[in-house]
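Shown next, in structure tokens, is the structure this report addresses.
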Amino acid sequence: MKNNKTTSRRKFLDKGLKISLTTVISGLGITKLASKLNAQADEKTDVKMELMTTDGTIIQVGSSEVMEMDNSKKHKEYNVREGMPNRKFVMVIDLAKCKNALKCQNACNKHHYITGNHAWLKVYKMQEDADTAPYWMPTTCMHCDHPACVTVCPVDATFKRRDGLVLIDNERCIGCRFCMAACPYSTRVFNWSEPNQDEITMLMEMEHQTHNSAEFAGLPSIKGTVDKCDFCPHTIKENILPHCVTACPNGVFYFGDKYEDTVTNGEETLRLSQLLIDKHGYRLMEGLGTKPSVFYLPPVDRLVDFKEGLESFTDFKSVDKSE
Amino acid sequence: MKNYDILLNDLAPQKFGKKGVIWTISLIVLIILGIIAYIDQIIKGQVVTNMNDYALWGVYISNFVFFVATSFVSTITVAVLRLTNNSWRTPIVRIAEIISVAAIIMAGLTITIDMGRPDRLLNLFIYGRMQSPITWDVIIIPTYVVVSLLLLYFPLLPDFGLLNKYYKEKQPKLSKWYEKLSLNWTGSDAQKTIQLKSIHIIAILIIPVGFMLQTIDAWLFSTLFRVGWDSTNLGAYFISGASVAGVGALVCAVYVLQKVYKLENYITDFHFDKLGKFLVLTCLIYLYFNLNEYLIPQLTSKKEATTHINVLMTGEFAPLFWFVIIGGLIIPIIVLLFKKGRKPLPMFLIGLLVVIGSWWKRYLIVTPTLLHPFLPIQGVPEEWRHYFPSIHEWLITIATLAMALLIITLLVRYLPIIPIQRTADEQEELKINKSTKS
Amino acid sequence: MKNQFTIHHFFLVLLSLLLYTSSFAQKVKQNKVRLKVQYVKIVDGEIYFDIKATAKIKKKNVRVSDINLTIYNKLNDEKIKIGKTTTNKNGESKFILKNLNLIQPDSTNTYSILISFKGNNTLKKASKSIRFKNANIIAKLVTKDSINYIIAKLIDESTNTPISGVSLGVRLQRLFKPLIIGKEFNNTDKNGTIIVPIEKGLPGVDGNLIFEVVLNESEEFGTIIAMVEAPIGTPIVDESSFDERTMWSPRNKTPLFLLIFPNLLIFGIWGLIIYLITNLFKISKSKI
């Protein structure tokens, strides 16, 4: 009799422990699941901010989606069509370092919310002749000093500034595309349809507060108008380098002020005149007389073989639509 | 006024018969289809066309250039033939003036179809820059519209006066319109002096304006860097091309109108013969310019020029190119050099070939150049390396052509095709000359 | 059988305890925050701590924004709170110390600062302490034989003695990143000084240049920047065509030829057109 009781007690303990074990294990499992779900939910429900849109309605926006405006006046106020005084912006592209990583193109597409099929910054696979060597050539708008595009614009929608930038006022543009026909570098892009920048349009309107400015190209893009690389005036006026310059992992892009005779790629800061002498800087299609503001350093003493860039070469795509 | 019964019977505008009504209605249907397609384009954007960032101008622009070229016909026929004292032009000048007016009005409309933001049309006037070739175009086209309308209107005054009387009983309402438009024309000496002086001024004025119109149209292309466009030849090339297109269109219109309105007594084989010779002359000059454009660059073989010419002669555009050169230029020249070729029916067929060839020639001027830019076409969808107009573009283009024909049709319906007063005056002169001789 | 049961039970208990404690461990904060602090002193200017907060979330280095940090002055095992700050959207924060006298050094004249983060739901608590001595750079421009030099002296402020064998850099302020002048590393001599010649032909607005002598991220003294204003630059000349009448200027600066000639043509032609239209009216009026 006593044996039976002990056995049953032991059995009871045994069962109890087994049950508690399974409870703990399943409890663990549930808590793990729950924390994972919570983490997902946490990512979505961050602090909500109340903001007013341009037409007076109050909306709730997640605070992580609101971008801060740094209103610190690092620069003096200037007329958008005239540009920053005492500056002439130039870019130097070192073809010896370009591996077609395309980080520049991705950064540009992302920060200008490009939704079309044509990126503003293109990296060309160049080979002038079968006997000459191939190389990768990133091109931006050249911001020419004798801009063919500005000459032919009938409504003064695209204009050349004192600081060298050629910008587009897409509130004025009539979409005749004469500037696109005039540009020999094929750098301009047309919004053939609604750009479909969606929610971003609303956020962008908040970011530059009142209305479109030519200094915020692509924010937003307008159907039936022309867009192109703008040398990121919205960043350079805060003394921050343009997005392509900072995105390049190989230090291909140098940017700076010609009057200061200094260009930098974020890591190296060099005197422009010396750089152009040392590495024989040249400009694209110099013979056309457009006087571009972008210098190229020839692909000599290549750091990486041309073939390594072939992996990421997409002949028929320059904007990644997967995001 | 003298009794012009016979003339008026023959030349007064008549109501449309069945054929006329069917013709007009078909044109209106085509126009409505085009308007629907255009509304769709406004809503969705020009993505409904097959244009892209490389083929950035397409059939809208080549159609526009065609209209501008065809509008040259009044300059070349009325003014040039007048200055050279070619009196056989009398029965065909009005048709030429009508074609000009229709073409230049359509040119003005067609260019707005190509704009990405037609709602900002006024920007061209408010913010216009004189440095831009488009601004020059914006100035010259309305100028030419006004001048060609004046060229049409001044000689019409006596005819309106005649028609007013002619229709007083038969169609009193129509007669009232003619009365208003005739500006109280009585044929008095004072009025005649002013009228003749004005016509003289317009005929001289339209020559520089017409030449400027064609040249500015050419400068839309030759002020750019692109291969095939960056040519010092282009201004004269366009003037010559416009003469061909204009006279070709004139020949077709003259034949059709002569047959439909039974005007064989006024537009005779003699006129066709003369027109044929005129057309051959313009075609020969144009052939000369084409040789300079397409044959000579092959000797220097500059890379871009060679690519361009190869694409035209042996590449993607070869069938079209050879149709335009052989069908639109060489065959007309050969046929028209023979007297038999200058008879009305062959002239009409050749005229059609010339017009169709002219239309596709402008397509060949605009499109292939854009498809080989200086930097290679990369990073864009494969379809962007080619261009052929989309359904929307065709519907809209055909609608503009239909609209031009409709304007011509309406003008022909209410205006005397052959200047009545002038024909009467000339007949008088002939009689007097005959009687003085005998 | 009894033994089996006991071992069996013991094993189960042990297992369940392990699992229990490990489940608690799962609930503890996952991500570790790394704080980087740099003490920066601008001579005759601001004194601040440059703080950067990063964390490794899902194997990627991410900047941590909007976290509250408290700054303490550590003195003799005590923590004196001197302020707090919050990181911005870039995970950075600049805490300005209004005066070095607000914090106390220890007996070796070394200041000890602690920046700490209390932690939150997703981030572990973290802290970073830095120690630095108060040093100063006295820099000036000297011209000799028409060559310009920057002469700078590095002094330990607490003992007023020069510091030798430390590398200083001279750079010129430019728009985006400064331009290095002379050699990258210039070691101070036994008097704590460096002499760096300035290359000719450096451009500046109105000829004004601002040089910086920098002790960069020294373990003992932090970062010290001394500025020297020198009007020795070549003045910048505006070479842009913005003020000229060119083909690419806006319409208020059209080339004179294009202003005069086309307008003459237009007025001439339209004058004639208007004359012709008045003729139409004349015809209409004269009935005789």
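Letters A, B and C name the chains as they come in the text, with residue numbers starting at 1 for each one.
In this section, a contact is a pair of C-beta atoms (placed from the backbone, for glycine too) under 8 Å apart; a residue touches a chain by one contact, two chains touch by 3 or more.
A quick note: this is a predicted structure, and the numbers were derived from the prediction, not measured.
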Margin query: Based on which chains touch which, is the overall arrangement a line, ring, star, complete graph, or other?
Written below: complete
Next item on the list: By the contact definition above, name the pair with the higher C-beta contact count: B-C or A-C.
Entry: A-C
Margin query: What's the distance between the Cα centroids of chain A and chain B, rounded to whole Å?
Written below: 49
Check: Between chain B and chain C, what is the gap in Å from one C-alpha centre to the other?
Finding: 66
Next item on the list: Measure off the straight-line distance from the CA centroid of chain A to the CA centroid of chain C, and report it in whole Å.
Entry: 21
Notebook entry, point to check: Which residue numbers or ranges of chain C touch two or more of the other chains?
Noted result: 247-251
Next item on the list: Identify all positions of chain A at which a residue touches two or more other chains, and write them in rising order.
Entry: 151, 156
Item checked: Set of chain B residues in contact with two or more other chains -> 127-129, 131
Notebook entry, point to check: Within the complex, which stretch of chain C touches chain A?
Noted result: 5, 8-9, 12-13, 15-16, 19-20, 22-23, 26-27, 88-89, 121-122, 172, 174-180, 201-205, 236-242, 247-251
Item checked: For the chain C and chain B complex, residues of the former touching the latter -> 247-251, 254-255, 258-259, 262, 265-266, 269-270, 272-273, 275-277, 279-280, 282-288
Notebook entry, point to check: Which residues, counting only chain B, touch chain C once they are in their complex?
Noted result: 127-131, 136, 139, 143, 146-147, 150, 153-154, 157, 183-186, 188, 190-191, 194-195, 197-198, 201-202, 205, 208-209, 212
Checklist line | Contact footprint of chain C on chain A as seen in their complex | finding: 10, 13-14, 17-18, 20-21, 24-25, 27-28, 31-32, 35, 39, 42, 67-68, 81-83, 85-88, 145-147, 150-151, 156, 159-164, 236, 239-241, 255-257, 259-262, 264, 266, 269-271
Next item on the list: Could you please specify the touching residues of chain B with respect to chain A in the complex?
Entry: 44-47, 49, 51-54, 56-57, 114-118, 120-121, 123-124, 127-129, 131-135, 138, 220, 223-226, 370, 373-382, 384
